[in-house]
């Protein structure tokens, strides 16, 4: 059997993670080509992974007839266009989240995806492939919590990355805290509940980094949501977790509660010292979701081989972006916002 | 030194707890008189605590010149009037929460309290006297969390008590989930932040017990709040915690996070069995706050002896009721509500 | 009813704890007299608890006909003689552990105790009165662990007290690590298993404090034991727990495992900071067993009032001392030691 | 670069794990040949992994000139001979633990290994490659615990496997609890302390499965050990952990304590239900050490490619077997045993 030839666009932290996973962990795939506008990323792909086909232009790359599939890890603003181009070239597409930044643009993109039902499209909601999340989902689907009444999701980046975020946000548009961080959590709310979100109210506060005010960014934000069936959802997002990378999900149901990563435990070590009883913590997303990134990519490649669509669809991307935008609008208007 | 003679009104679960603590744990006080309209509670006080002065009428009881102080543990609707009557008789007053159900009525009561500055008035926010809460408060005041950005409070009653609550709510007015349960959490938000609450949005869902709909009650509710200085607060209240009595508080600040009773651990025992690793849980409020109830009552008696006012004031009662009523209003109107 | 008049001998840390508990927490008893050779302790009793009957000589104190019971908290070497004297005077006796340091001497003392069956005798194994230990004992007796196969007990004092211990051990005979610290754990092994200990091997190591070698003391020690029915027991004792006061007990049975204070959690607070996830720890025995000390003293007073003997007997003291001495002998001889 | 061609002998649970890891996770290696006397294992290799070169005889397999390396996962009694044969054929060897069952036999085997310094030899102490153990080792080597004084290791198999173990032990010689289970823990003691073990005492008890008595096997065993520098070690081994697979290691030092897998947490999920607060548990060694098995095999293949010897040596196998045999002897003689 021939290996799947993959071309990747974007070799920032996210792109590098996918590139390495293809090379080291997925024998069925081949990192065939890479595309980047940054010279340094370009060199990186050559040196680190021995990629020979290198492009500075996405459209050129996908002209290469040996490529079977693309991984889109470019800045968010490019996603929809690159998805459409690749789809129309007959390629399978794995795109990082968010699928896009504008609702109409996303809808148009989905039309094009839908018109190529034999090509695989997968969106990078890797948490669904994390072992603990999958374990929880199975329990919830088996009914151990009864009917869900409330879902709480925390997604807080480590303080250690705040400085570099401030730099980034000064020159680029992150999309805002809810679009950038909470889309994962919004997806989890929808995935666990099987429900769409109806109404949101969002708040934020900048305390440690008031310079974020000028950038229109938030250090910490919270959103409360009502789902179609009255289930409640609470999201906390932030960029200032002193203890590391805090992604936590709670599900409250009529028959019990369940928490995933109630504490962001790094491993199975406990230290007893002058501080007390200490559990070291996960420091960032590549560490926390290392296995999940591998498993989502294995799934993408398997779907191509087996000719079946993955669990995470383009519509999941549309819905989560809709809700994230509603949160951003609520921050601006200080009002309750109905989702579409 | 003579013991402080205390008269108690109301001998339901709350009243019994206070009565027993006076008798067993507070050598400086004497359970001198009891007042109840329920024959059974009447007999209970006589039999259990040997109380000799028994009354069916509060006004009669406070005529007794030997009484120094009263504990008000009657139904919420009676609190303000009994506080006023006792204050005007020159007695020290410990009143259970809520201070009252109507804002104007509470304000009037506070005027009367304020006009007797030499008499002690204390409200039953016992959580402030819990060892873990006091430990946390000290750390927060010392600044280990930096500036607070978000406070999350859970107060969920055990499922085992839901049936008896349904009976109670059928015949009486509980005041609603937020007034009945969340006032404690609202008080904690104010205590930890030193800020008043500006705006709220509240939601609720009945799933396991749809009969609560007819009673206008909620099985699970959530409220998001903005404080005057933009700090965020999230409250979850409920009556259906299958695992026991779940009171949890989280404080997020610019320098760290802190959780009080992240898990409602009953004691220091861990069991390893077919279920996995099991920590038994606290089952109800008298168990969880046993020590806090004793300590708040010791504080009340100490205040009388030392001639100083306690930390929990009538104004704390007014503010927490205001916010609880705003939550109830938000549930009804489905809108954002500005607090006063 | 008249209060029980209690005379206490020894007002070191242990004696002060008992004295305060009598005064503050036990309305049925009265701290009537105190005996100490240390001027400073003498003054303390007067000033702190208002004790009026003060003695420098134990025999004189028990001549006072108003005394109903004595609490013996003097240095270990005095216990047996004071027990005998008080028993023969017709007094109820609460003695701190160990009951004595010499087996024959203890046996003779027990004869005298046994010849006064109407007087209460209780030994200070307060752990049996701790809430978590009582909870565990109930579960074990109900059979949730099946048949016990192994018991592991840790008793490690905090490093912060090592310096003052070195001073103490320079001038006094502590009895050695196993007699001083492990008697509590030996008692727990016997209490949970209902079995006597047959054979022991003990080891020790001084690393942080080699000066302990000269004192014949151990920084950390371990003992493995075989019980009569082949159940195994493992004891670790020490004086250098950097994280606080570590008392932990594990029970392994055919149907499950159970741990008491697997981690010495101070309270219900969890802190998330640069260190990771931190649970503060209990710092010393008065903190860890505060409630247990009150409850054992309440039990002593109740036994006097009700005319029944407590659960902890003089024989428990004899047996635990026997095993502790066997451990000390094992350390010296480097051999397996059969107990008696 | 050509892939390393590997021949495996033994396709029981351990062999299957290694075979799958080679195929799925190690692109640099190729599962070239398999050897088994069991028809069913034979078929399995063909069907599951598409292995074409199949042998019923180890000597025949290693005649195949295409083979670069062997993995020995046959019954323990065959290890030494197969190691010698493969070494003398010029092959790299990965052998499952224990290296052998007889000290003289192991010593002779080590001579042969040592006489082929350019061939890689690695022993299957996979725990050293587990992420949590590696994290702990780094901290210990950096000195965060100061000087080690005591090491405690638990290795308890799940009850669910006891029945199949009884069947196995009826027809085969497991080597006994300490040789079969504790060699891993003995290796950890040596690895963490850098010290050899001097003296042991071992005990055992059969309670749930008295039929183990007849087989000369133990349900639960414990051993206490003294290391050359007086450091203490405590081992508990067993076959009856009702809650799953319990492998736990504790390190006590002069500056702190550290525990690896204090609780055998399966993942990051916590469930709150009628039982209390429940953390699901790891159920068996393939689950607990899944990643470690992959990482040790990656290390073996890397060592071959890089031409360097791995961290786990044949001498580690010799020493751990020596100590395990001393434990078994202690069980028989009921005496303290000096290790060689």
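The first chain written gets the first letter, and so on, giving A, B, C and D; residue counts start at 1 in each chain.
Methods note: a contact is a pair of C-beta atoms (placed from the backbone, for glycine too) under 8 Å apart; a residue touches a chain by one contact, two chains touch by 3 or more.
Nothing here was measured: the structure is a model prediction, and the numbers come from that model.
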item	value
Longest centre-to-centre distance from chain B, chain (CA-based)	D
Which of B-D and B-C has more C-beta contact pairs	B-C
Distance between chain centroids, defined by C-alpha means - chain C, chain D (Å)	42
Chain B-chain C separation of Cα centroids, rounded to whole Å	39
Length of the line joining the C-alpha centres of chain B and chain D, rounded to whole Å	57
Residues of chain C whose C-beta touches two or more other chains	241-243, 246, 255-257, 262-263, 265-266, 270, 272-274, 280
Residue ranges of chain A touching chain D (in the complex, touch as defined)	24-25, 27, 131-132, 135-136, 139, 144, 255-262, 265-274, 280
Contact set on chain A toward chain C in their complex	241-244, 246, 263-266, 270, 272-281
Complex contacts: residues of chain B adjacent to chain A	146-150, 152, 201, 203-205, 207-208, 219-220, 222-224, 226, 230-232, 234, 236, 238, 240-243, 246, 252-257, 262-263, 335-336
